[in-house]
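In what comes next, chain A is part of two complexes: it sits with chain B in the first one and with chain C in the second one.
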Partner chain A sequence: MRSAFTKSHPVLNFLFFGSVVAFGMVFFHPVFLGVSFVAALAYSVRLRGRGTLRLMRYLLPTLLVVVFLGAAFNHYGVTTLFVLPNGNRVTLEAIVHSFATGGMVLTVFLWFTCYDAVVTSDKFLHVFGRVFPTGALLISMTLRFIPLLTRRMHKIFEGQKGIGYSGSKLRNALHALSILVTWSLENAVDVSDSMKSRGYGLRGRTSYTRFLWTRRDILLCAAILALDALTVAGVIVGQTRAMYNPFISLPAITPFSYVLYVGYALLCFMPLALDLTEEHKWNRSR
Partner chain B sequence: MEQIQIENLHFAYPLCADEALCGVDLTVHAGEYVALCGESGCGKTTLLRHLKNALTPAGKRVGTVRFCGTPITELDARTEAEKIGFVQQDPENAVVTDKVYHELAFGLESLGLGQSEMRLRVAEMASYFGIESWFESSTDTLSGGQLQLLNLASVMAMHPDVLLLDEPTSQLDPVAASDFLATIDRIHRELGLTVILTEHRLEDVLPCADRVVVLHRGRVAADCAPREIGAALSGELAFLRGSMPSAMRIYAGVGSSLPCPLTVCEGKRWLSDTICVSEPVRRELPDDKSDGVPAVRMREVFFTYEKQSPDVLRGLTMDVPQGKVFALLGGNGAGKSTALKAAAGLLKPYRGKVELLGRDVKKIPQKELYRQFAAVLPQQVRTLFTEKTVRLELETIDRDQADAIAERLHLTAFLDKHPYDVSGGEQQRVALGKVLLTKPKLLFLDEPTKGMDSAFKESFGKLLRELCASGATVFMVSHDVEFCARVADRCAMLFDGVLAADAPTVPFFSNNTFYTTAANRIARHVFPDAITDEDVIALCRENRI
Partner chain C sequence: MQRKPYLAAVSLALCFAAVMTGAFLLRDRSYYLISGLILLFACLPFAALFRRRRVKVRELVIVSVMAAIAVASRAAFYMLPTVKPLCAIAIITGLYLGEETGFMVGVLSMFLSNFLFGQGAWTPYQIFGMGFAVFVADVILRRFHLQEKRIAVAVVGGLCCFMLYGICADSCAVFAIAPTLEWKSVSSVLLTGIPFNLSHGAVTAIVLFFLNRPIGEKLERMCVKYDLFTEGEPA
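Moving on to the complex of A and B:
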């Protein structure tokens, strides 16, 4: 998938996901929830295609279950829709509130599916390595050794099976694990030799990166920060508050509200807009 | 310029009475390519590690090693890391990070270079070594040959003056090994780097090396040009014969006053000058009819690891005769190991039939299958070791027979050691002992000679012959053409998931032009049926000028 946002600098990716996830987790206001949900769904579908649609087949029913349970067990609110046989009221407020809660979880979940597709391990390491170089190396080594050890474990099971010890019994599984540990500890000597011989432990370690700051990255980071600031201003003036108990109460809509809505939409749809613009340009240039 | 000077170096490992190095004197000039050879345990790795302070083993040490005039112990860590590069045996352990580009930059990060300098050096290395196409890959997806190349490139990125390599090809298949050594030769020729390399398979090393240093029991036994070794092979350096190129072995076995040939091409010319035959000498081949039920019978076996991926075995049909050593050869990724595992019942084919000694493998219960019926010796023998001592390893299988097998495989000397504390060749023997104690009628071996030195290979070959003589069947999968030619009764070649050839060993190799032994390639124009060095030597002696 050709994606301009995916190819941007990792710091930009992090800043974006940090913003939308943080806002996504605190906003209960239906407009903000809706904007974020639509943006997350659209971008997730663009990045992952069918994967996301398949995921929605499970997520939407889950949302409905959450709403159903919320309505069945919460009885606050002033608008009674009907009364259950046991005397409990089912209220509009409870339904809307559960719907908002479920939508919020779903939105954040969708943002994480995007995060997973955009931020690869090396991007994560790049951002992390700036702050903590040794930790970054440790993670990189862990990522190297997990598949290596998995493969070794597989070989051990096969080796043991070939002389008559199948992996099913606990005793055999423990044996296999002990082989893995002994084998890996033995190899750790080689690993440390390889690191030492390439100067590991010298003072002043740096961190290699394949990512370059471009002017666009800087501009976009600035744009995200500005939109963040605008949204935070909206929070401060109370424009993002929403109350569902005992009755639904939303802040009054002022001209500033529209500015906030548009700003928030710009923020949430930014990666998608970026991708589509770039794709359009690329198609035109052919 | 003398770059490395070793003066009267003595070294003994802790708690060891014998010295690993006893009085080594050696001078290496800048830009030389030195091949360091000798049997297992002769001290070549120990010596190599003394040339890099960070890797020098702990122990009692006398004598000095100088690098450009400075004693190596006084060299500062940064200069040493930068100027003396070291490539070790097993690339799987030498590669430490998850991405190829990160691995290339590892040493540069240690040196604390800036972004632009790192970017330049990484770019240079990636293009010099042809890494561009897998530059972004995870190191987990690379083959052994690629890993070792990456390891080399990562060392070269630091711009060393000296490159030390400790048996760099022992874990690679022959094709990858030749490629790797060709790259070393190229670095040496194009960059004028000093190369010191230890190796026990010298076929591809000797033609490139400027000098050969032979170590024997911790002493320098010879230090001369590669060609001069040839003359000494029939005399004081006879112990080295096994690891020399075929051309040299034949030369030493026949004896000649002409200069020693190093390569197949030179060997061929030398042979034409040495013997006199009017037409190719053929020999009567014994009839190879085997009756009875085959030990392994595979009929149209299909197998794939994942539902979507292409078939690894595409209708493999094969018979392994009883009481014979059968070798399955083939290139990388031809599916040899898969075929072996399918035959041994470790993998389940999705179509086709596998029978062991006339019984459908699917219908033999696991307990019976791997007890007194079939046994598999895996490539990594360590996967078999579960106990604290070698003795316990054997006794977990069969308490009564343990002593007998230890005797037979010469394990008695280290029965009370931990299986990880014995050498690679010894580990192989322990594993074989463990496997043999299950009394298999059918023994499956996956690349048994990987990492073995020539002396052990020879005794291992004998052992397989003995097993066969006692009625067992051996089915091995191997890259090692020379070993198969020497030991197997019948060979087959797997290509594209099916057998491309299947014949008794001699016709198998004499019919192939490329995929055959070096000895056969040297002599095929005169002795088409000679496939081992011994065959060629014997025929040469009969047909001398």
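Moving on to the complex of A and C:
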């Protein structure tokens, strides 16, 4: 689905996903975990619809297994809930800690499903093409070669079938791979000669991009950076710490904590809010 | 090919900075993020090495084609879905075109195959694991001039794939699931991965055994015919 956030500048997309994934991998604090999880789930459902819900059918049981294993094998903590037949204690702390760990993995996973939907390979190349021009060229070239070579591979299979190839599947596949290498290596030299004759590597060459910086992009970038700075400030003063071993201890809630919670929620829900606002405006204008 | 020792130093410094940030700023709890960052930084010297060398266009395209073959080779075994010859193709490339090229092909093909099958927090682990396994296998085999010994290539390649790639890729799960890094939880996660890694290593060994010479001869021929991947001045 093409959304407002999808259409904004790739640098903005990267900045956002870089921020939420990095924070998501670091925070164990229940409030921050919860905010990030809800935001990731909502945005993923918005972008991928049923795909995400189907995914959750597998992810939630996995989370439960992680919690179960964590609770069954870790015996730290002061609050004993009950004692297993073999004398090991099942503690509240271990359960909560496993829940936090599993939730963190789940959240990061969901953010990556959003990343996959938003950052397409052309956006990736636009952002990193400036930093590593050779690398970007390699990536874009290879991305083009993969479908081409897959098609060639099927042609080779058809040819093999046509001349009545029989034998083991493994043998045929290995043979086809070897044929593919022959075909493609000679072809690669033709490609590179063609590139050279079209001026690859000459100075002053520019490349075409479809992405423009709008005022909204600049404003949003500034907003993300400001919210990042706020959250990092929270990390520095210790507001995002959470300890589960040996007892659950969370930092004291001060007025600043609320500022942090709201700031982090604004950051995580930003793309979704952007999409919904645009949709609302569009519906009203019709 | 000239080496740039300062690049290794920069990479080490970045890794150190990441560890220190993890230890002091994040109170040593974020193995997940920090280990991913370290792996990305570890790839830098290789990537930069490749960039500095003013690669010929032909070499660039050949690297790209070999990486694409490594990814597309999955399609060759569509009737045997567990067979993924990516690692084997990267190792063969490195054997004949130099271990840095092998590293590049391994990293590139793993990265792009992640593009097709979904990126995730495991991407840096898989990328680095693949590059590392290919590089080590190629260094060992080239150092002892074993390129043309099918059995040696298959054994070393298969073992590197099984041990090095397996451990690197599985450590993602370790950092994600194990709440504390204790030997017991780490080893239990790694042990669960062994059957899968074993089959991956075996497939790599089989493909290497059968394809090392056929593909190797073609690569050698390209190098001789077009004067590629030699130590001399780039054109």
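Assume the second predicted complex is superposed on the first by the 279 of 286 C-alpha atoms of A that agree within 3 Å, B and C clash if a C-alpha of one lies under 4 Å from a C-alpha of the other, contacts with A are read in each partner's own complex, and residues count from 1 in each chain.
Going forward, contacts are C-beta pairs under 8 Å (C-beta built on N, C-alpha and C of every residue); 3 or more make two chains touch, one makes a residue touch a chain.
The structure displayed is predicted, hence computed values, not measured ones.
Enquirer: Could you check whether chain B and chain C clash or fit when both are placed on chain A?
Expert: Taken together on chain A, chain C would fit alongside chain B, as the superposition shows.
Enquirer: Could you say whether A:Thr182 touches chain B, chain C, both of them, or neither, answering first, second, both or neither?
Expert: Both partners, chain B and chain C.
Enquirer: Between the C-alpha centres of chain B and chain C, what angle is opened at the C-alpha centre of chain A, expressed to the nearest 10°?
Expert: Apex at chain A; the opening toward chain B and chain C is 70 degrees.
Enquirer: Is it chain B or chain C that touches the larger share of residues in chain A?
Expert: Higher number of touched chain A residues: C.
Enquirer: Figure out whether A:Phe132 sits in contact with chain B (first) or chain C (second), or with both, or with neither.
Expert: After superposing on A, A:Phe132 lies in contact with chain C but is clear of chain B.
Enquirer: According to the stated criteria, A:Arg205 is in contact with first (chain B), second (chain C), both, or neither; which is it?
Expert: A:Arg205 sits against chain B, while chain C stays out of touch.
Enquirer: In the overlaid three-chain picture, which partner chain does A:Ser121 touch, first (chain B) or second (chain C), both, or neither?
Expert: Both partners, chain B and chain C.
Enquirer: Looking at the overlay, does A:Met141 come into contact with chain B only (first), chain C only (second), both, or neither?
Expert: both
Enquirer: After lining up the shared chain so the two structures overlap, which partner does A:Met25 touch, if you call chain B first and chain C second: first, second, both or neither?
Expert: It touches chain C, and chain B stays clear.
Enquirer: So in the superposed three-chain picture, is A:Lys155 touching just chain B, just chain C, both, or none of them (first/second/both/neither)?
Expert: The first partner, chain B, only.
Enquirer: Given the touch rule stated above, what does A:Ile163 touch, chain B (first), chain C (second), both, or neither?
Expert: first
Enquirer: Once the structures are superposed on A, label A:Lys196 by its partner contacts, choosing first (chain B), second (chain C), both or neither.
Expert: Both partners.
Enquirer: Once both structures are overlaid on their shared chain, how near does any Cα of chain B get to a Cα of chain C? Whole angstrom is fine.
Expert: In this superposition, no C-alpha atom of chain B lies closer than 10 Å to one of chain C.
Enquirer: Once the complexes are superposed, what residues of chain A are shared between the chain B interface and the chain C interface?
Expert: 121, 137, 141, 143, 148, 178, 182, 187, 191, 193, 195-196, 200-201
Enquirer: Once bound in the complex, which stretches of chain B touch chain A?
Expert: Those residues of chain B that touch chain A are 52, 54-55, 77-78, 81-82, 85-86, 88-90, 92-99, 101-102, 105-115, 118-119, 122, 138-140, 151, 154-155, 158, 341, 344, 346, 366-367, 369-371, 375-380, 382-386, 397, 420, 434-435, 438, 444.
Enquirer: Show me the residue ranges of chain A that touch chain C in the complex, using the header's touch definition.
Expert: 21-22, 25-26, 28, 66, 70, 73-74, 97-98, 101-102, 104-105, 108-109, 112-113, 115-116, 121, 132, 134-135, 137-139, 141-143, 145-146, 148-150, 153-154, 169-170, 173-174, 176-178, 180-182, 184-185, 187-189, 191-193, 195-196, 200-201, 235-236, 241, 245
Enquirer: Would you mind writing out the residues of chain A in touch with chain B in their complex?
Expert: Touch residues, chain A against chain B: 121-122, 125, 133, 137, 140-141, 143-144, 147-148, 152, 155-156, 158-164, 166, 175, 178-179, 182-183, 186-187, 190-191, 193-210.
Enquirer: With touch defined as at the start, can you tell me which chain C residues reach chain A in the complex?
Expert: On the chain C side, the touching residues are 25-27, 29-30, 32-33, 36, 47, 50-51, 55-58, 60-65, 67-69, 71-73, 75-77, 79-80, 83, 85, 104, 108-109, 111-112, 115-116, 118-121, 176-177, 179-180, 184-185, 206-207, 210-211, 214-215, 218-219, 222, 226.
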